[in-house]
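Next come two complexes, and both contain subunit A; in the first it sits with subunit B, in the second with subunit C.
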Partner chain A sequence: MNAPNASGWRPSLGDAAQAKNATSSGDYALMLEEALSFELGSADKCGVDLEAPGRAPAAGLAKFMRKAAPVLPGLTEPETVRHYTRLSRQNYGIDLGPFPLGSCTMKHNPRLNEKMARLPGFADVHPLQPQATVQGALEVIEQLAHWLITLTGMASVAMSPKAGAHGELCGLLCIRAALDARGEKRDVVLVPESAHGTNPATAAFAGFKVESIPATPAGRVDLAALKSKLGPNVAGVMITNPNTCGLFEPDMRAIADAVHAVGGYVYCDGANFNAIVGKVRPGDLGIDAMHINLHKTFSTPHGGGGPGAGPVVLSEALAPFAPLPFVTRGDDGSMHLVEEENASEGHGQAFGRMVAFHGQMGMFTRALTYILSHGADGLRQVAEDAVLNANYVLRACADVLPAPFADSGPCMHEALFSDSGLAPGFSTLDIAKGLIDEGFHPMTVYFPLVVKGAMLVEPTETESKAGLDRFITSLRSVAQRAKDGDDSLHAAPHYAPRRRLDETLAARKPVLVWQGEPGMAGTPSLSEIGGS
Partner chain B sequence: MRYLPLTSSDRAAMLETIGVAGVDDLFVDVPAAARLSGPIEGLPPHASEMAVERHMTALAAKNLSAGSVPFFLGAGAYRHHVPASVDHLIQRGEFLTAYTPYQPEIAQGTLQVLFEFQTQVARLFGTDIANASMYDGSTACWEAILMAARITRRGRTVLSGGLHPHYGEVVRTMAKFTQDDIVSLAPELVADPDDAAVITQIDADTSSVVVQYPDVLGRIPDLAAIADAAHAKGALLVVVVTEPVALGMIEAPGVLGADIVVGEGQSLGVGLQFGGPYLGLFGCREKFVRQMPGRLCGQTVDAAGKRGFVLTLSTREQHIRREKATSNICTNSGLCALAFSIHLTLLGGEGVARLAGLNHEKAQMTFDRLARIPGVSLLNAAYFNEATVLLPRDAREVVRDLADRGILGGVSLGRLFPVADGLHNGLLVAVTETTTDDDIEAFAVALEAILAGETA
Partner chain C sequence: MTRYFSQDHEWIEVDGDVGTVGITDYAQGQLGDITFVDLPAEGASVGKGDAVSVVDSVKAASDVYTPVSGSIAAVNEALADQPELVNTDAETGGWLFRVTLSDTSELGALMDEAAYKTFVDSL
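Then we have the complex of A and B:
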């Protein structure tokens, strides 16, 4: 194992349950503890062979030189590989088992995507190379754009947004620009109370006032309430469809017509596009702008929290305002990048620029690879299987966990449950932590906010029936324990790398950076203070 | 279909359990008029791994990759050598296929990496703290301006003319909608950055001044002087670092008085990738922590007393605060942060310093050589690994001519600043440890030939 350095760190001895068979190392076979890299490394170690420079720095640089190297210990390559490999084993990923995190579409990440993104022609190309030397890269953007436009039935797509929330921002800024072009000042955006937190945050970030629209008891947008809020001050609405309760909004067209009738625009949060790709085109529902999370529907890896990618498809009405840069194909088939330099040639109404370069190229190559692998028929099958899997979970568990909208028909690609009816003192959190012990990543919990103790299960299409059956058995078992008042659930997880963590302590006395000194006896770490 | 595990008999059995006749019965909420009856016309059907690989490889072959030619581009994206172990480690499925660590008991790997990453960024920047990453340098820059406005309760921001023009465009685009007042200084082709002009612009309404370090032309501003001037008027200094390797050699911005330091982390571990995904870095003073955007990872203990890590202070964030959040950011650049952190762990502080020294040495060799070409001169009084050379004519044409000769010879200022007059003869040249003596000579010979009017 990696030996701790002189900082004094040592692994804690584990909890009381393990104490009777305690090991001297603090590790338990394949359950391996790992110190911080700073506690392992030292200033005289380096994992990269670099010669010392042979000449003195230029005279002009002298007054800017730092007095000492940054205080960061290094590790050699074998120690580095071991450090991160040991850390990786404390993580749950899709590769280990079902990861039914609602609204996140944790589907299998095909490895061909990774291989293609690493071709030097994509991975080792600079964003500001002369355009004649990056024709293939621009063509990837154009081909992916064509697929996204065609799958959604929209007029155009802005490719540069970096993630879903950034795409929301792009869509709302297109709306702002379109209103400005009409000479209108409208300052209200309507957002259903069931929306992702990013929706109201984005509307505020784009300078709008947010007004909330309630949901009906059937889990849909309350059309009458929405209509009552429409007026000349409404810039638009942000609707998630399928919505965060896992349901399709059957009134989408009527909502869009009503909003358009008062001169507003319709933004759709496309986080749940996986349920309808190839089955419905949002453009046919009257939508003006919708972001597509390439890391959800189109399988680019979630990476422990990004990077994502959030291209925004746009209607005819909003297309002229899409931000720079922009890729076009000339009559001779050559690809062109429209930037500030040449924006007046046919794209003079662009609202500006959202990122330094051209967006998430590494995600575009992966998403295009995924899309070409599935084709039009395969993508349709993706939606059907995703919806089938979710309905299967819904029907297989609805007798042990309340499913608040199960009576109103099938769900889309995620099944929503509530923690009503558990034994007193038991809640969604206990079920989530119990599922961890069962070997699963829990579902999304306490979202959407409109359902008490919400549990949002999104299996995705890449789970097998046998895998789902195992998950269902575990979910039913844990739910039953919570109904029966099994106190051991309160202490779950018992078998994870960590027991429940003290989030209150973390927030009350934030420790956001390591405070020790490398290679020196540092302050005792919390593992030593708190260890058994 | 190789990615879809359900068999036909699975589907039939599941439909029976659900109690519907066919899968279309699950889509009944979609109005009939909007339902598509089959695959969308005009799009190709599914394809084998071999066929897709052939298609993508053909597209990749249409690009001239940086590693195949003498290469001198920078301007906010730098080609450094990334150790092989970095890309190997980030492809471990437990890192690659995890998501935001909402369940910390089974996400300690990601969380500990983020804690280490935050520490590394803070120590490199010389700030008290850092967050778990933003999308890229340009969006981090705008978020820093917003944060400064929240802290100072003022709405006027001064942008140095040395700020990357695309960063400036992002800021001006956003400010147009939020009605923040942005004062953008014009870039000038002079040897030193515009420190004095920036200082002159700071007034009692100024929330922050934004200074790039080194600046987009490769010059190095005197941060301490600007920090003093800003603080004297109650304004904050936001420093933008697009080449973090420079901080192995020049003083950390936080040490010089910067209040918020943001940057682009692409140089370490991430690679060029035609502009993304990249990695936004964000550090600041500890007293501003509750105004920070983005995710933060903090240390705590578990129920058994073991040290562990969690996402913390989330009451700043959109999923709790909704329209009152400090930012709308949700997903950030986790995997790029991992790559950055691994690369920096391999290097250590001494390694970063040596890497920076090598970059600067190669740059000295390059600029000494280029300055010997008749009609070519070096603009900068000081530089790290990137500087501006002045050519006797428009650099845009020269860059195209160099590409025709198989040399990617820098970024023309005409490409970066299309509307600014008087900059078009400037060529921005970046040099890293990957640049060889042969590359430098080939570049110089080709540039000399082009300027002498020789045809390729």
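Then we have the complex of A and C:
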């Protein structure tokens, strides 16, 4: 094996290495330094046995024959398995401990979901199979659509978008299609400061001009400021509810009515639906479109071993413009896909499609499993427990960390703190790094922007009280050290495999392409792998 | 030459009908280490309050609003390789762009240095 980090792509161990007695391997105990796959093995190794081609390629294909060996790492199967397993040990995930990232809803992924998603009838189907052979899979999509519509009180749902931001785009394209159908050219989308950062990005990407709405001192949308911006050029508003301050927008109905009165539409970012699932139906609040992150509220894994899923529920006004395809149930109970060929029968105004096929089957199966295994009462309790846990964290820490909106009443799914009041020179980043030493993944930091040095903690309902108490003890301890001016916190994390990394250098001079030395065993030159 | 300040923490130093715009030292301190500056196109016409530039830091990406209307006369090319100039020399060498003013009366809505200092102290 080549020495780890031969090409110098990794930050050095720095203080951590100096603090320990050097080992001959460069590894410490069973925490292993891991080289890149290109630095492991050698070009003459291969993990699979490929037969030599038995005959010359067909005449027409000959010109595509490779002239040089492919530039691939040369690893045996055990080397490959160990490489990825070692890397996985350096990762931190929800299966290892709490993951309190605010607005990210990192909660336990029930194993029943996984069992169902692995059933061959769902896991092994192909999107181009004849529909008669995948009736069960199509029924899963139809059933999940039914429950998403029921839980949100909306008219319809587009199942195919692959993630939250993709869902936002889907919603805005529906709004644009609806405006086009009315023959109107509106180009402004209003986005409150308390919205997710993806909202203005999506609006701009969809070709709209973004105008920001300030937040009130209580952390809510400034209704008067919003009304003052409404006019005939406003296509709609994008609101995150509950918002990124962890607060419910009590004026949601009034906001929706005001936007509708001037002919605009209301998009709601549903990323924080976990706080209100089973309690509030967005359709009752006047919302026209909302994406649902199945990997948040409905407990599918983030990433999910492929694309995620961000279905978009739609109001009566936007439903006709939803993208294809759709699953419908025929009179005889059989499932059918509505595609371009047959859309004219009842869905001729679809704006197009977002993806090649029907969505992410694995995510659909997991989310439907979650809904059916929890039931209506279980989902309601999810929201109640998530809110209870967040308020427990908020009130347990509010005496050591300023909680700017604590006076606004209970929070929803996440507790928001500020770094005001720390000793001079100490900030949110020090607390986040200190939490790593304590064995916790840090919370979301420096977001939302409306709070100085924001720390956004979303414990979710899947942490026990004992688990929350451990986290609270650590957060309070680190916050107190920052208030007392404990200089050792500036160097945290002290006990992680890497000490504090230079985030500025990483952003200013990112190393995105492996920079191996030519001639190193098994290593291609930069030009061979498309680098420069 | 006269220097004015906006509530969005931009400064503008006006010489004749050309104003040089940057973010204040207070703003750079709040943003943290600047990693990238997205500058407007030279010649672009801009309206007072338009987001014409974006400053990326390790904490956030922040819009920079032009405090006056006009057209972009120049941008600070040095920031492409040295975005850290905005941290080290926010109110001098870390300027972002120059704008040819179309309406000098807009300057009346801005603060002078003393008023800006009072404003920052109140935050």
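The rule we apply is simple: the second predicted complex is superposed on the first by the 488 of 532 C-alpha atoms of A that agree within 3 Å, B and C clash if a C-alpha of one lies under 4 Å from a C-alpha of the other, contacts with A are read in each partner's own complex, and residues count from 1 in each chain.
The rule we apply is simple: contacts are C-beta pairs under 8 Å (C-beta built on N, C-alpha and C of every residue); 3 or more make two chains touch, one makes a residue touch a chain.
Note that the structure is predicted; figures quoted are calculated from it, not measured.
**Student:** Would you check which partner chain A:K229 touches, where first means subunit B only, second means subunit C only, and both and neither mean what they say?
**Tutor:** neither
**Student:** Identify the partner contact of A:E503: answer first if only subunit B is touched, second if only subunit C is, both if each is, neither if none is.
**Tutor:** both
**Student:** Between subunit B and subunit C, which one contacts more residues of subunit A in the superposed model?
**Tutor:** Looking at subunit B versus subunit C, the one contacting more residues of subunit A is B.
**Student:** Which partner does A:N91 contact after superposing on A: first (subunit B), second (subunit C), both, neither?
**Tutor:** Only subunit B; A:N91 stays clear of subunit C.
**Student:** Check the residue A:L72 against both partner chains and state whether it touches subunit B (first), subunit C (second), both, or neither.
**Tutor:** In the superposed model, A:L72 contacts subunit B only, not subunit C.
**Student:** Can A:T202 be said to touch subunit B (first), subunit C (second), both, or neither?
**Tutor:** first
**Student:** Quick check on my understanding: which residues of subunit A belong to both its subunit B contact set and its subunit C contact set?
**Tutor:** 445, 447, 503, 507
**Student:** In their complex, what parts of subunit C are in touch with subunit A?
**Tutor:** Per the touch definition, subunit C meets subunit A at residues 30, 33, 35-36, 56, 58-60, 62, 83-84.
**Student:** Under the definition above, what is the set of subunit A residues touching subunit C in their complex?
**Tutor:** Going by the criterion above, the answer is residues 445-447, 449, 452, 503-504, 507-508.
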